[in-house]
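Chain lettering (A, B, C and D) follows the sequence in which the chains are written, and residue indices restart at 1 in each chain.
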Amino acid sequence: MTSREEKYLELKRAHAAGRMDRRSFLRRAGALGIVPLVIPAHMRPAFANAEELVVVNWGGPAEAAYMNAFGEPFTEETGIPVFIDGTGPSVGRIRAMVEANAVVWDVCDSGVAGAINLGPGGYLEPIDYSIVSAERCRPEFVWEHGIGNYLFCNVLTYNTEAFEEAPTTWADMWDVEKFPGGRTMRRNVLGGVMESALQAAGVAKEDVYDTLGTADGRALAFEKLEELKPHTLYWSSASESQQLYRTGEVTIGNIWHTRSRGLRNDSNGQFTWTWNQGQLTAGAWLVPRGNPAGAEAAMRFIAVAQEPENQVLLLEVMGNGPINPEAAALVPEELRADDPGQPENYDLMLADSEAFYSEYYDEVQERYLELIS
Amino acid sequence: MTDPAMTGPATTGPATADEIVRIEGLTKTYGAVRAVDDVSLSIPRGAFLTLLGASGSGKTTILMSIAGFVQPSAGRIVVAGRDITHVPANKRGLGMVFQGYALFPHMSVGDNVGFPLRVRGGKRAVDRDRVAQALALVQMDHLIDRMPDALSGGQQQRVALARALVFNPAILLLDEPLSALDKKLRADLQWELKELHHKIGTTFIYVTHDQDEALSMSDNIVILRDGRIEQSGAPGTLYHRPASRFVADFLGKSNFIPGTAAPDPSGGITVTTRGGQLLSKALADDEAAPAGPCLMALRPENITVTHTPLEGHNTVEGTITGVSFFGADHQIMIETPALGPVTARSHALRGAVAPDTGARVCVNWRPGDWRAVADR
Amino acid sequence: MRGRITFTRGLALCAAWTIVAFMVLPMLVVVPVSFTDTYYLSMPQEALSLQHYQNFFQNPRWLTAIWQSTLIALGATAIAVGLGTLCAIGCWRIASGTSDMVRLIMLAPIIVPQIVQALAFYRVWIDFGLIDSYTGVILAHSMIGLPYVVITVSAALSNFDVRLEQAARNLGASMAQTVALVILPRIWPGVASGAVFVFILSFDEIVTVLFITSRRIQTLPKMIWDGIQEHLDPTIAVVAVIFTLVVGVIVVIDQLLRARAAAVAARKP
Amino acid sequence: MMRSQTAPYWWLVVPALAALGVFYLYPVAQVLWLSVTEPAPGLGNYTTLYESQTVRNVIWRTTWISLVTTVFTVTLGYVVAYALAQVGRRTLVIMLFAVLMTLWLSVLIRAFSWVVLLQTNGLVNQALIAIGLIDRPLPLLRNELGVIIGMVHFMLPLAILPMYANMSGLDRRVMQAADVLGARSWQAFWWVWFPMSRPGIIVATLLVFVFSLGFFVTPAILGGGRVMMLSEYISFQFQETLRWGQATMLASTLLLGVLAVLAVATRFIDMKRLFGARG
């Protein structure tokens, strides 16, 4: 490598690390006789070169809602158009994309497990906390390679017209005599699946993760899941989970509260949910390594999504609970019942255990897939 | 025009004792096309009857009507006194040999031949002896376990024959059974078929477009043209006494010479052609009685080619324009100023004239060797 | 010959019509559903509505998908027809054990299960840098379509008199001239039929597309696939109706082409 | 003696062969190769075949559903093919049009239509309830029944067309021979027609079975994730876990299974005729 190139790379590193501003980077790169191809002649911020920013979420109504709450404010600020892709950024897909060296997503609406599992493997860009604010997020959801974006829960959702009496606990979901009809749960173990099974078996909320920490406890959970399997349809996309209720194939199940809310609103209350024994977790923004629009643009987007007004807007449209503590106070009275972050709802639920999943995710996921397929 | 012994009246008449098939007013139309047009036939028991005609003449349609595969538009078919016009094919009890043989490709020779017995009484009813006998009849009993595709064309043909005869049908229908075979094999099998017919005495109804086949095998020939019977009778009768230009041309070859006929004082007729008046001859009783313009049919083999005119013959002069050698004989093309082009056939060695192109020769024929025919 | 209607045959015919009805039922059922006045999949409740047609024709994502699918199908067709036709002609003229072997190898994309080839394309397209690109999808589809061109063109050639080729060569034509002036003009309906086949195949292909594309390529089948998986909305019924109509026209054209292929190739000079 | 004359024609063959080699055969070979090298060289991946109950279940289910589909498809297809071979020209054109439409219409569209028909609130259930045959919707979708209905529907044209081609090529005179020799219609059918149509049946059976083994779209849509066949399982496993070794092992198993079926079949039929590449 020539020394000229070495010097350039040094500049680039310095620039990337924030030790040098853009203008001086470009000037000094130009002095070396190297004009990086990606940089146009005029002096816009580097990330604004991106033709568009692709944000991938879980589809359906979330596409329009994200556009509205985050996409449009971002475009207003940076001039970069946003495209919302509803494919669903599963951990496997993100890995595949990075391994295939064909990354087309910029910001992924993933979850805790993604942040924990993909980060160390080198699949993600680190979060740039000079752009993104760590304070604008509940502290338990701040990681090196990801940051919480909203609160959501897996809740017991049911068709009010199917039963005489409303179900209230996971034990009711397992009671196929009293509550007839199809069941549904996620086709991925990250959906409060084992937790619900254990609670249905009578394990108290507080003891769930202690029990899951033992081999017997996990075996018990799988036993319960096996028991319900003949009645269960497993959803993989969020829209599919809603579809199952609408078509009547399912009367009771475990789906995301945001989707329960959608069902309730569209059906004038035929479908509803209970926060009781819900599984609370957060979504997380992840940026796949080598994302096409550049890490900086992605970070800017995440920062925009942290704005309290934008988070409340998303709550209003989709029901996603604001994760920015500043936003919780802005939630209007009529939306409090739908916000999982409000204490009266929050306290009814069980929060995901990061410790459990970082230790056992691979094992239980594998076992769960075998069970359902 | 037709042999009275061969044709029944169009209306139903009493069956004669030895009549086995009677066809009355058979007509088959396909849209506007009349494939068979009001054909009536009577076939005596034990006969070997050939339906002869070019493709499209209606011969196959008649056979298929008898077999039951073609539903006639009009007319009826009576077999052994029973009207079978509306009887399904499988209830008619007729034997049939198909063009291309139609052997069951998935059955052995024995199973093919046993088939008619099997369908008449289940698998148990297949009498191996009868199958073997039928095969022995066609000298195929040694190949009883072969599959059809392992047989030669001639062998397949024999199996098809055995299959059609194994249940002793009163009538055997044969639809151009020899057309797929080469010339030499065909000649052998013609002879064998005729032998077989003599031996078993079954009535054969045979369809062919091959005039030689028809002439060499049949007791009776029905010549069909455009769905109608043109002429019928014994082979010799048809050959020597054709009623029309069509028949004379279809059976063998003929020279046709236009002329004008006039009665002769001796009771015969004379004909005046472009080249002059011919010698008088007596008229056969079924011969078209020409008065005025007529067509004279003269077969090439009845012509003798010489250097000098022959005594008692009609003679015209001409020049040889071409000679074709056929092994046993020559075909000689002669241009005569009197009659136009004339074709003669002469034996290779006994020809009176060495047939050289350009030679001037005399064309001679006996007064009785020509025949007046209708020009159709 | 076909004249006799027996009980068995009558029964078989009734059964056959029932089965044919089973075959066309799904095509017919989407028609009323596409005119529904509701927002979910159902028969029209109170009135017929064109709202879903309007939605389809005004939604840029559907229209883009149609455009992308068409572009890909055209590209794949061009490559498959070009390669396949020449290959079929070559094999036909060489007519040796080796060329028969080649023709058999050409059938591989029909035999290999779709999921296996999808995985295979994905694996190698990563190395080739073809993931989520037009080139990648077009190449994959042209490979999948190749055997069908070889088959239809070979069929057209089987009716073609090899002596015509010999005559052309004997009269001094080069191989290229022979192919262009003598062979192609007589087998073009077979080539066209193969082209139609590849076009439809590519236009309809989903399994490989699911593996080797992500964001840039949004083909029509992918839209339908996502639509079925997520929100079964009546717009898909609209797509289904349009598809059915188009396929109907194509079937008619293809049948005419095939009839013509047989006629052209069999016509005696 | 023809060598010198035909040699240039290899230049027409080479481009297609090269393209297929680089862009198709090489990728497929990669799948086979990865199955024995990833993550470690050896047959380690293949131990899953007998160790994992799930994989065994999936393979068994795939085989079973393919067999059932094949039996139904070939039987129903035979009836249609038989009718096609018997009917007059006008009926033939109509029936054949229906068959060809089914063949050509997008597999996704057809699966979608079956969802419309079979789902819990679907048209079939609505119709059955309306005429009073049932009072609760039957489960027709997201189970084996739904998958088999969809698959039979997909495969029918693939079975009908080769059987019809075979039947229309049969020598009619052979049937007439059976007739005139005295066979009743059932005898003519079972003893003559049916055995002669066997080559068509074998081709249809093979095509349907082989395609069923590797079928993806229809089982994935109509099975709703509950009737996972091998193809969907491969895709699912791969997308969720990204383990190349396992995915390529299963894919290789599927491919080898298909090739084994074809290899057995070559004892009965000519492969080239099967796929229509008769020159």
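Throughout what follows, contacts are C-beta pairs under 8 Å (C-beta built on N, C-alpha and C of every residue); 3 or more make two chains touch, one makes a residue touch a chain.
What you see is a predicted model; the values in this text were computed from it and never measured.
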item: Interchain contact steps from chain A to chain B (minimum; 1 if touching); value: 2
item: Between the pairs A-D and B-D, the one where more C-beta pairs touch; value: B-D
item: Farthest chain (mean CA position) relative to chain C; value: B
item: Rounded Å distance, chain B centre to chain D centre (Cα mean); value: 55
item: Between chain A and chain D, centroid-to-centroid distance (C-alpha), Å; value: 40
item: Distance from chain D to chain C - Cα centre to Cα centre, in angstrom; value: 17
item: For chain A, residues that touch 2 or more chains besides their own; value: 99, 236, 247
item: Residue numbers of chain C (touch at least two other chains); value: 1, 229, 232
item: Shared interface positions of chain B, touching two or more other chains; value: 69, 88-89
item: Chain C-facing residues of chain A, complex; value: 54, 56, 59-60, 83, 85-87, 97, 99-102, 104-105, 236-237, 239-240, 242-243, 246-247
item: Contacting residues of chain C [partner chain A, same complex]; value: 40, 122, 126, 129, 131-132, 214-216, 226, 229-232
item: Residue ranges of chain D touching chain A (in the complex, touch as defined); value: 52-54, 58, 119-121, 137, 141-142, 224-226, 228, 233, 236-242
item: Footprint of chain D on chain C - complex, ascending; value: 1-2, 6-9, 12-13, 15-17, 19-20, 22-27, 29-30, 33, 41-43, 79, 83-84, 86-87, 89-96, 99-100, 102-121, 123-125, 139-140, 142-143, 146-147, 150-151, 154-155, 157-158, 169, 175, 179, 200, 203-204, 206-207, 210-211, 221, 224-225, 228-229, 232, 236-237, 239-240, 243-244, 247-248, 250-252, 254-255
item: Residues on chain D engaged by chain C in the complex (per definition of touch); value: 5-6, 8-13, 15-17, 19-20, 23-28, 30-31, 34, 76-77, 79-80, 82-84, 86-88, 95, 97-102, 104-117, 119, 121, 123, 153, 156-157, 172, 176, 185-186, 189, 210, 213-217, 221, 230-231, 234-235, 238, 244, 247-248, 251-252, 254-255, 258-259, 262, 271-272, 275-279
